[in-house]
Structure formats: C-alpha cells, structure tokens
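Below are two complexes that have chain A in common, paired first with chain B and then with chain C.
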Partner chain A sequence: MIDLNALRTQAADILETGEVGAVIGWRRGSRGMAAEPVAIVAPEEAASLVWDPTCFHNLALYLVEERKKPAQRQVHGGKPIAIVAKGCDARAVTVLLQENHFGRDDVYVIGVSCEGTGVLDERKLAQVLPGVEPDGAAFDGDNFVFATSEGERRVPAREAMMDRCLECRNAHPKLNNVVFGEETPRDFDAPFAALKRFEQRPAAERWQFWQRQFERCIRCFACRSVCPMCYCDECVVDSINLVVTPETTAAEKADRVRWIERSASRADNIGYHMTRALHLAGRCVDCGECERVCPVNIPLRLLNNKMEREAREAFGYEPGASIDLPALVASFRDDDPGQFIR
Partner chain B sequence: MSSKKRTGVFVCHCGNNIAATVDVAKVARVMATEDSVVYSEDYVYMCSDPGQKAVIEAIKKNQLDSVVVTCCSPNLHEKTFRDNAQAAGLNGFTCEIANIREQCAWVHKDRNVATAKAIKISRSAVRRASRNQALEPIGIGVTRRVLVIGGGIAGIQAALDLANAGLEVVLVEKQATLGGHMIQLSETFPTLDCSQCILSPKMVEVSRHPKIKLMTYSEVKEVTGYVGNFKVNILKKPTYVDPEACKLCDDCTQVCPVMVPNQYELGLTARRAIHIPFAQAIPASYTLDIDACLGLNPVRCGKCKDVCEAGAIDYDMLPRTVTEEVGAIVVATGFDLYGQDNLGEYGHGKIEDVLDGLQFERLCSASGPTRGKVLRPSDHSEPKDVVFIQCAGSRDPAQHCAYCSKICCMYTAKHASLYKHHVPDGRAWVFYIDIRSGGKGYEEFVQRTMETDETIYLRGRVSRLYQENGKIRVLGTDTLSGQNVEIDADMVVLALAMTPSKGTAEAAKVLKIGRDKDGFLAEAHPKLKPVESVTAGIFLAGTAQGPKDIPETVAQASAAAAKVIGLLSQPRLTHAPTVAKVRAAHCTGCEMCVDACPYDAIHLENGKAVVNAVLCEGCGTCQSTCLRAAIEVKNATLLQMNEMIEAVLGY
Partner chain C sequence: MSEQTPYEPRIVAFLCKWCSSAGSDLAGVSRIQYPANATPITVACSGGVSPQYILSALRKGADGVLVSGCHIGDCHYMEGNMHARRKLYLVKELLEFAGVEPERFRMSWVSAAEGAKFAQVVRDFVEDLRPLGPQDKLNAERP
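Moving on to the complex of A and B:
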C-alpha cells in the first residue's frame, strides 16, 4: 500500500528545496469521486494531492504543454518539473525522453506503483454496482473500496479495473527519481489478451467490425488531444490547422498536403485512425487514455495493441522500456531477421 | 495544380518491349489531355539518336518547361534525357522518367490492364514533373589518395594498379604480412605454377613502391565522410618488434617457450609466440603474438628481449590510431572457408585426417610443414587412398550454403592431380555433383586429371564418414551406376564452401555498405556495376564480393582500380542535388531521422535536424520516418507524393 502522506511530503519537500518548479499530480475533482490532474507550485498545496483508483489520467500529457513547448520552459527559473507517474505514465515519459522532448534532468518522476491492482473503469463499475454513485474510491489490497451513502462497498479490483490494467506489462514505474509502492506480482490477463481474442475472428468479420466502429467516429480528436505522443504542431491528418510561423513561405501555405479530408466520413475516418496507429507504432505505451476518452466508445486499444504486438514479436521492441532505445521505425540491428536490410 | 506549366510527354515503344503489351499511342493521347501537358508523342526508340533529337526539338519548338519520358527504368536512361533537356536549354532536373517497361509492360500480359496502368504511371510522373524545381548539382573537392582494405591478391593488385597510375595508396592488412590466402596455396590451376613464386614478386613490389603506404597488423576502425573526402581511422596494433632494427636472426623464436598452432599452416604445425609468418613475409619482421605470449613482463619471461642483440624488441610499444584522408576506398577483405565443425556428416572437423582444401595445399607445398610430401597428419604415413569431396557446404540450401563456391571443381581436380604426382601409386577418388569447369584451359585440365592422372570421379554425395581401424570409412553413392560405394580412405579432403571472411562482415559494418543474402558485399548492379558498392566512392574487389578464382580476382581488382582512377581524375566531383531538406518550423528534434539515415547525413543543431547535402543520397528514408512531415527530398516532396498517389488512384 502506498502511504499518501509520504507522497505528499516528498512533493512538498522538493518544492520547498527548489529542486523542482512544479509538481503535476492528481487532486480531488469536481466530477463525482473522480480525481483530476493538477499542477502545484507551492509546498503547502501538496496536501491536496491524492492517489486512488480514479487517477486514470496519463499526466505525461502535461509535460508537453499546449503540445508545443516543453512545460519546463514555462515555469520560472526553468526548474525541472515533477510528475506523479504510474507504470504506464512513466513509460510515456520515457518515450518523450527518447524523442528529445526534454532532457532527463528536466523531469523529476515520482513513481507510484499500481502494485496488485490498477485504475478504475467507470463503465465496468456501473455494471458491478448498478445505480450506485460513490463519493470516493480507495485501494485496499486486491479490492477497491467505495464510499457510498449506504456505507462502504467493497469490489474485487479485477472486476472493475481497466482492461489495459488487466493486461499491464509493467505496473511499477521503471523510470523514476523516487518510487512509492512495491513491485508485486500480477496475474490478470496476459498481455494482448483482448487483441488475441479479437484476432480469433475471421478477417471479413473484423473488417466489418472496424468499418462499423469508424462509421461512428465523429472526429472530435479527443483521442489525439489526450495522447502524450500526439504532440505535433501540425497533424498530418488534419492539415487545415497548418502552423504558420514567420518562416512559413507562401508556397508552403498554398502547397500544404491534404492527405485526409477533415469531414467525418468513413473512409477518411479510417485514414485518420490508421495513420495515427502507424504513427504510434513503437511509441504507444498502452496507457489506454484514447480509448477511455472516446465519446463513442471506439476500442482504439485494439489498433494500437496490434502495432505494439507486431513490434514485440518481430523485433523484440518494447515501447518505453528504456531511454537508450532507438526509435522503432528509425533503427535496424545487424541481427535483424529481415535479410533485405543487410 | 499550376496551369502555367508546359510539360511535354514522350512515350517510347522500346521496339516491341513496351508496344507489344501497352497501347503506347493511347498513352500519348491520354497524356495530351492532362492540364499541364502541351505536347505529347510516341516514338519507336526514344533513346535512339533520332528519338533524342525529336525530344530536344520538341522542347524548343513548344517552349516546354518540363519533360516526362515514359520508357524504361530511370536507372538506364534518366541521364540521357536529362542531358537532352539540358541541351534544349532546360534544367535537367525538370525531366522525369515514368517507368512503363520494367514496372508495367514486362510484368503484365493483358494489354488493356497494362495500358491502363501505363497511363496511371505516366500521369503520376506528369504531376510530379509539374512541381519539379530547377536544381544545380553540388560540387565537391577530391582527395587524390586511396585506401585499399585487404592485403591478399585482390588488394595487392588494386594497390599496384592505383599506385602505378600515380595515386597515393594506403594498403591496410589485418595480418602481420601481405599475401592473404593465395600465399598459402601450393600450385595454381590450370597451369600449375607455384603460387608463392608468382605472388611474392608483387608483394615485394608493394613494399618497395614509393606511392604505397603499407600498414600491416592494422584494422580500419572508423570511416566518415563521403566520396572524394573520406576520413579513415586505422588502428595499428603493436608487433612489439621494430622492423627497422630486426635482423631476422631468428634467435628470439629459439628461446620463446610458448607454442601455439600456426595459422599460416592452418594448424598443421606449431609456432612460437614470437614468430615470422613465413620466410617471404612482407614486411620481413617478427611479430609478438600478445594473446599467446606469457606477458610483456620481464619478470614472467622476457627471454626474447634478453636474447635480441639488435635491441629490436620493445615491450612498451602501444597501439596507435592513424587518421588518413582518402578520396576512394577499395574493399578486398577476402573469404574464409566454411567451418568444418558445421559438417556433422563429415566428422565435425574432429577427425585428424579429414582436411580442408587449404590444409591440403600446405601439405603439397614445397615450403609447407612436410616440405612437399603428402603425409597424413595423424601418423605421418603416406596416404594411398585419398577421397576428395566437392560441394562440402556448398549447393545445399537446406542445411548449409545455397550457392556454388565456383572454384572447388577446379581446385579439387588440381588436388587430385597434385596428389597423383606426389604419390603415383596412390588412388584418388572425387565425389562430385556436377563438374563446372568454364574457363580457359579449365575443362582440359579436368579431363587430364581424369584420364592422364587416373583419378576416379564418382557422381554422388558422401552420406557419412567415420574412423575405423586407422582408416576413414567413406559411405557414398555413385548415382551413375546406382551403386552404393564404401571406401576405406587414408585421408579425406573437403572442398569447403567459400564464405565471406569475418573481416568482410566487419568492413561492411564500418563502411556501412550492404551485403547480399549470403553475406558477401553487395555490388551496385549485378551486371553493369559489378565493382561498385552502393555507396559512392567505395569499390569491391575479390572474394569479398563473391566466390571467384585468382584470374577473376585479379581482373576485378584491376577493374576496381580503373574505376577509382576514373573517379579521382576529375577535378571536382558533382553530387545530385535531389537531397533532403528540413522544414525547421516542423522539426521537434526527436532524432528519428538521424537514427534512420543510412548515410549518417543528418545531425541535430540547436535541437533541429540539419542535412549534410554532400552525404545525402536522397533515398527518402528520413522522409518516410518523420512523423511530422518535417523533412523531405527535393523534387520528391510530400506534396508531389500526394499528387502522384492521387494520380495513380485516379482522382
């Protein structure tokens, strides 16, 4: 079990000593029991930090402020920023480091281990406890404990956990400056379990499934907005928001490439999601946030998992495993199984 | 799309090569309807003189500003037509080729389908050409020096040819002496002249040549730069003996207490830790093998230093890294034999009297361990029944090497013939799959071995061999008579497959040049660029590129030298300007392109990617890697790609 007070003290300490300029964490939110992301700059604010099963957000997103400038430059004095990170969040920070988004010294990772559980899937909870709207949630060993008007309700964590947590490869943040919680064994679903189940279906049926899914996409781009890896100024699938800088030439403005139309039609939706999945190959750490925020419930993890699994099986590549890894699509090894590459 | 463009389309029939499958007249007609096209015609041979003249005239007459020739692969005639465009007053880079031969006519049968595809390919080239920029080639200076890697016959020949043409040569050899594998051979087929006798004069010539800087016991560790301007770091390993001072008195080997297998004799004899590889070694000096030596500490041994009157031994010699600047590189890193331990059916290399071809060469050699007597390593008796097995490891895609090692038929015939000359009353048996004896005097040589030297040729494979009663029992099949054959042999000689040497793999890594599926160095074109690597300025010679015999190796080495001489005789080199450029505003400095670039042409400056235009080959790997469309190749921009794709999809 993680001692929340120790975490708060740690946050207050590093703010006090000036080791970091801000701490990004979670605090009690305004929507029901769910936590919300917060950035604190004063030591006394550390008391507002929380750690509970509703801390599902991947806070690495906020290290890339406004998808443009590394947040660290926004903090006065250019001090490092601390981030409270679960296993998946820490992998995301690792990928951002791999891609030189900021230096290792610019970020202070306060790791929190999910230990034997994970974060809450509110949709599952609605099925496990129908009609109940709890006021708070807490970890308790293998269970989630919910505070309700009728007292405490205890639910086995595996029944209400996010699918991504059931399949989690590393619930203990490897990249950290300090870490809370233990690295405990987990025995839920094997990695890629949902994907493997899905792939049992015949190809024609899967294609129909995806057509149906993408038909529903409204191109709200919530998946892109929540993804810490989608930090491009100009998204290639959405070239209408061409970044205009002083260096942008008239020819560039006139000649911007429209790979995909902006309107939500099935073909262009497929183009958008395929492109995004390919751009996430070797970078997606399976934090599952895109799937969580999708307002029409498109199972995006299946797509991203597919890329991750291909990369793992073909090249033994694990996104976010180490800062020293070269990018998947930009590297080859002499012992690559594909002979064309020698 | 800009309507101001004036593009001309020239559709080639290529005789019947294209016209038989593609309705070329229709392609020309349809192209004429494209927005930017103001002129379109078809002609039987566009690359012929009248064809080229027609292109030039059409450009002038119709004030064309861009040209698309739809014909064969741009590898072949892109230069021709760009020169035509230039001759007509255009910039050559406004000309594009649409390949409707290799990528269309030759791979399709249905005329309608092929014509429809040819139209799409041509249309996409028209769209691309309409956005091409006029570009000027990049000029670069040239260093008139050459690095030759490998001191075998290929490297020696290339170095001599280059030096005789007046170029300065740095010849780097990993071993302590020049000579490579050829110096180990006894006689050479088909003339049976003594290998050492014909090679050692060339070795001496190298060592005396004022234009050649010989670096033995050295390895190329790092190569940077580009054609005309390479920078090479060479590690010179310490020999611990000063060759200038050494008087070759041999006192040191007399006192050295360490014995290790002699690799020059392929382990048939032993040598001391301090040794000279062989009498004619170049440079003529001793080398202290530090891996075998008891240690450079006089307290532990130090006998060689004590006994050396010339004071040539220096235990404090250190490895040195030498930096050389060269304009071109010839890679001649040679071959290794396929490991005997891979051949379980032939005893895993553990049976003493089962030898490989090179070991047998040493047994036959007058300077070899037996002074030219063919004797069994196990008991030094004269073998009376010798079995030669061809294709040991070659032509066996299931288990070993799929390719034919090319020289084994000939050298096995030579071995059998030499054996019969040494042991006239002995019997020689050869197991073969086929006899491949193409070459001047080769077939006659094999026939002589069969008839005059009475060698028994059995067409079939040996399934297994094992030791029994001091003999080697060889079980095989003679497929011509359909009989199983059992021979109690005194000695077996395996014609092992030729494989790329370890040094070849290392050189490929250091030079970043490609290898083929078998690990040999890849030539730029199997027919038309057989001595060029895919990297400009790096050339290939000898068995590093593929199995070949001595005459072919020498010819290829001279060819590589001729290519280098041609390259370095230009006052300035030009580099294609179709290189990558960075859209700095979009670059986030993620470094993926830096990792992906096969030519090391990209680096980060102030957190943004920067392209070294001279190193860039315009391959587009960076462009397809970049997630942000922040880097693209000139005249193959993302916009052009997008429009080409749309053209192909029919939008």
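Moving on to the complex of A and C:
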C-alpha cells in the first residue's frame, strides 16, 4: 500500500527546496469519483494530491505540453518538473527521454507502483456495479473499495481493472527518482493475451472486425490528443502541412499532398489508424489511454499491441525499456527477418 | 471496368534509383517480355519508402504495391535497405493483421544487373494478384 501522506510530503519537500518548479500529479476531480490531472507549484498544494484507482491518466502527456509552452517554463523558473508516474507512465517518460524531448535532469519522476492491482476501467465497473455511482475509490490489497451512498462496496480489482493493467509487465516504475509502493508479483493475464486470441481468427473475420470498427470512428482525435507519443506539431492528417501565404496560388493549394483526408470515411479512417499504429511502433508504451478516451470504444490497444509484439518478437525491442535504446525504426540488426523479401 | 475487359491488377512499384530501377531498365533494354501492370516510381532508396506511400497507393486504388531495392550489403547509402526491411516488415504485418490479403504487398531485392529477375518479380506478382480481384479494402474510391 502506498502511503499517500508520504507522497504528498515528498512533493511538498521538492517544491519547498526548489529542486523542482512544479509537480504534475492527480487531485480529486469534478466528475464523480474520478481523479484529474493537476500541476502544483506551491508546497501547500501538495495536500490536494491523490493516488487511487481512478488515476488512469498518463501524465507524461503534460510534460510534452509543458515543453511546448516556453512561457510556462519561465513560470517554473526553468526548474525540472516532477511527475507522478505509474509503471506505464514511467515508460512513456523513458520514450520521451529516448527521443531527446527533454533531458533526464529536466524531469523528476515520483514513481508510484500499482503493486498487485492497476487502475479502474469505468466501463467494467458499470457492469460489475450496475447503477451505482460511487463517490470515491481506494486501493485495498487485491480489491478496489468504492464509497457509495449505501456504504462501502468492495470489488476484486481483477474484475474492474483496465485490460492493459491485466496484461501489464512493469507495474513498478523502473525509471524513477523516488518510488512509492512495492514491486509485488502479479498474476493476471499473460502479455498480449487478447492479441493472441484475436490473431487466431481467420483473415476474413479480422477484416470484418476492423472494417466495422473503423467505420465507427468519428475522427475526434481524442486518441491522438491523449497520447504522450503523439506530440508532433504537424500531424499527417491535419490540413496545415502547407504554409499558406497571400502569395500561395490556388494551384499550389490544390497540389498539396494530402496523404489522408480529415473526413471520417472508412478508407481515411483506416489510413489514419494504420499510420498512427506505425508511427507508434516501438514507441507506444501500452498505457491504454487512447482506448480509454475513445468515445465510440474502438479497441485501439489491439493495433498498438500488434506492433509492440512484432517489435519484441521480430526485433527484440521493448518500448520504454531504456533511455539508451535507439528508436525501433531508426535501428536494425543484421539478422532482422527478411524471408518475406523475394 | 467494362465486362469485356478482363481484370488487370494495377501495381505501384517503388524502385530504388541505384539498383531496382536500373534493373527494370535492363529488363526493358534487354527486351524481356513482362506484364505492363506495374507503374514504376523511382525513389532515392528503399529506405526512403515511407509506409505512407504504401497506404496511400492502396487508398488510391492500387491492387498491389511493390517495394524493391538493392540486395542487403549493396545499398548505395550503406544501410537504407536494412531500414526498409525493418520498417516495411511492420507494414506487412499490420496489413495482414487487419485482414488485408498479404499478397497485396511485396518486397524484393533486385540489382542493376538483374533485369530478368525484375521481370520475374512483376510476372509473379501479377499472377498472385489476379485471383484476388480488385483491392477494395483500403480503396477510397471503391463502389
């Protein structure tokens, strides 16, 4: 069990001593029991930090945002930023470091171990406790404990955890300056379990499945917005890839390469999602946030997991494992598979 | 496609400037007969073929996409084809995973001296694509 007070004290201390300029963590939110991301700059504010099963957000996203706003950095006096990070979040920070998004000294990782559980899947909870809208959630050993109007409800974490947590291999943040919680053995699903089941389905069925999924995408780009790895200023699906000046002719505008249209048509949705999966190959840390925020429940993890598993099995590459690794597609081995080439 | 014209697969072929494109030239000057289904696009290096090119060709109605470069060890830029091999392996896997026929994407190594091999690669590709019929999965213009 993580001692929340110890975590708060740590946050307050590093703000007090000026070791960091801000701490990104979670606080009680305004949407039911769910926590929300917060950046605090004063030691007193540390008392508002929380750690509970609703801390599902991958806060590494805000490190990226931070870096994009130089004005904000001045507020924090150019000091390092601290981030409260679960296992998956810490892997995301590792990838950002690998990609030189900032230096190791610019970030202070306050690791929190998910120990023997993980974070809550609100969709699953709605099945397990139908009609109940809890006011609060807490960890308790192998269980989640919900505060409801009818008293405490205890649910085995396994039944209400995110799928990604069930398959998680590093629930204990490896990259950290300080870490709270133990590295506990976990006994849930094998990694890539859902992926393996899906792959066994015949090709025609797989296509039917993805076609149905992609037809439903409304291209809200929530999946892209929430992903710490989707940090490009210009995305291939945006129409801003051409600098338009008063001198730009209509012909130039028309000739601009449009790889993928923004419209939510099936072909363009497939183009978007395949491109995204490929751009995330070797970078996606399986935090599962894209899947969580998708308003139409598209199983995006399955796509990213596929790339992750291929990276692992074909190239021995594990995203977020080490700061010193080169990027997956910027490196190669002499014995990379090539049997498919004629 | 009218009823009289039999279906002919359309292939977009990304050929590296140094080897495969020269190989296709050799096939031409040697007057080797091979099907005219492939539209060649010369690229500097197979390593420069972005997955985007492949997806885009399929989106615009290609029935198959070929990427061809120099043999391993012969890349003009030393290691471009090593990068291509890794990157495009992922594209191949992803397409197959989504249920797209794996035959629709193909890679080959063809040197500047291998005109006959180039012709054979195209011949085989056309024969493998023909039974699949038009590619309508990723095609934006499908009926």
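Note that in this section the second predicted complex is superposed on the first by the 303 of 342 C-alpha atoms of A that agree within 3 Å, B and C clash if a C-alpha of one lies under 4 Å from a C-alpha of the other, contacts with A are read in each partner's own complex, and residues count from 1 in each chain.
Heads up, the rule we're going with is that a residue touches a chain if its C-beta (ideal position, glycine included) is under 8 Å from a C-beta of that chain, and two chains touch if they have at least 3 such contacts.
A quick note: this is a predicted structure, and the numbers were derived from the prediction, not measured.
Of the two partner chains placed by superposition, only chain C is touched by A:Met307; chain B is not. Touch criterion not met for A:Val178: it reaches neither chain B nor chain C. Measured by the number of chain A residues touched, the leading partner among chain B and chain C is C. In the superposition on chain A, A:Met274 contacts chain C only, with no contact to chain B.
Contact with both chain B and chain C is seen for A:Val329 once the two complexes are overlaid on the shared chain. Once the two complexes are laid over each other on the shared chain, residue contacts for A:Glu199 go to chain C alone; chain B is not touched. In the superposition on chain A, A:Val293 makes contact with neither chain B nor chain C. In the overlay built on the shared chain, the residue A:Val236 is in contact with chain B and with chain C.
When both complexes are overlaid on chain A, the residue A:Trp210 reaches chain C alone and has no touch with chain B.
Contacts of A:Val128 after superposition: neither chain B nor chain C is touched. Common to the chain B and chain C interfaces on chain A are residues 236, 259, 329-331, 334, 342. Those residues of chain C that touch chain A in the complex are listed here as 51-52, 55-56, 59, 72, 79, 82-83, 85-87, 89-101, 106-109, 121, 124, 137-140, 142.
The touching residues of chain A, counted against chain B in their complex, run 98-101, 231-234, 236, 243, 245, 247-248, 252, 255-259, 279, 326-327, 329-331, 334, 339, 342.
Chain B contributes residues 508-509, 514-517, 519, 583-586, 588-596, 604, 607, 625, 627-629, 638-639, 642 to its touches with chain A in the complex. Those residues of chain A whose C-beta lies close enough to touch chain C in the complex are 199, 203-211, 236, 259-261, 265, 267-268, 270-271, 274-275, 277-278, 281, 303, 306-307, 310-311, 314-315, 328-332, 334, 336-338, 340-342.
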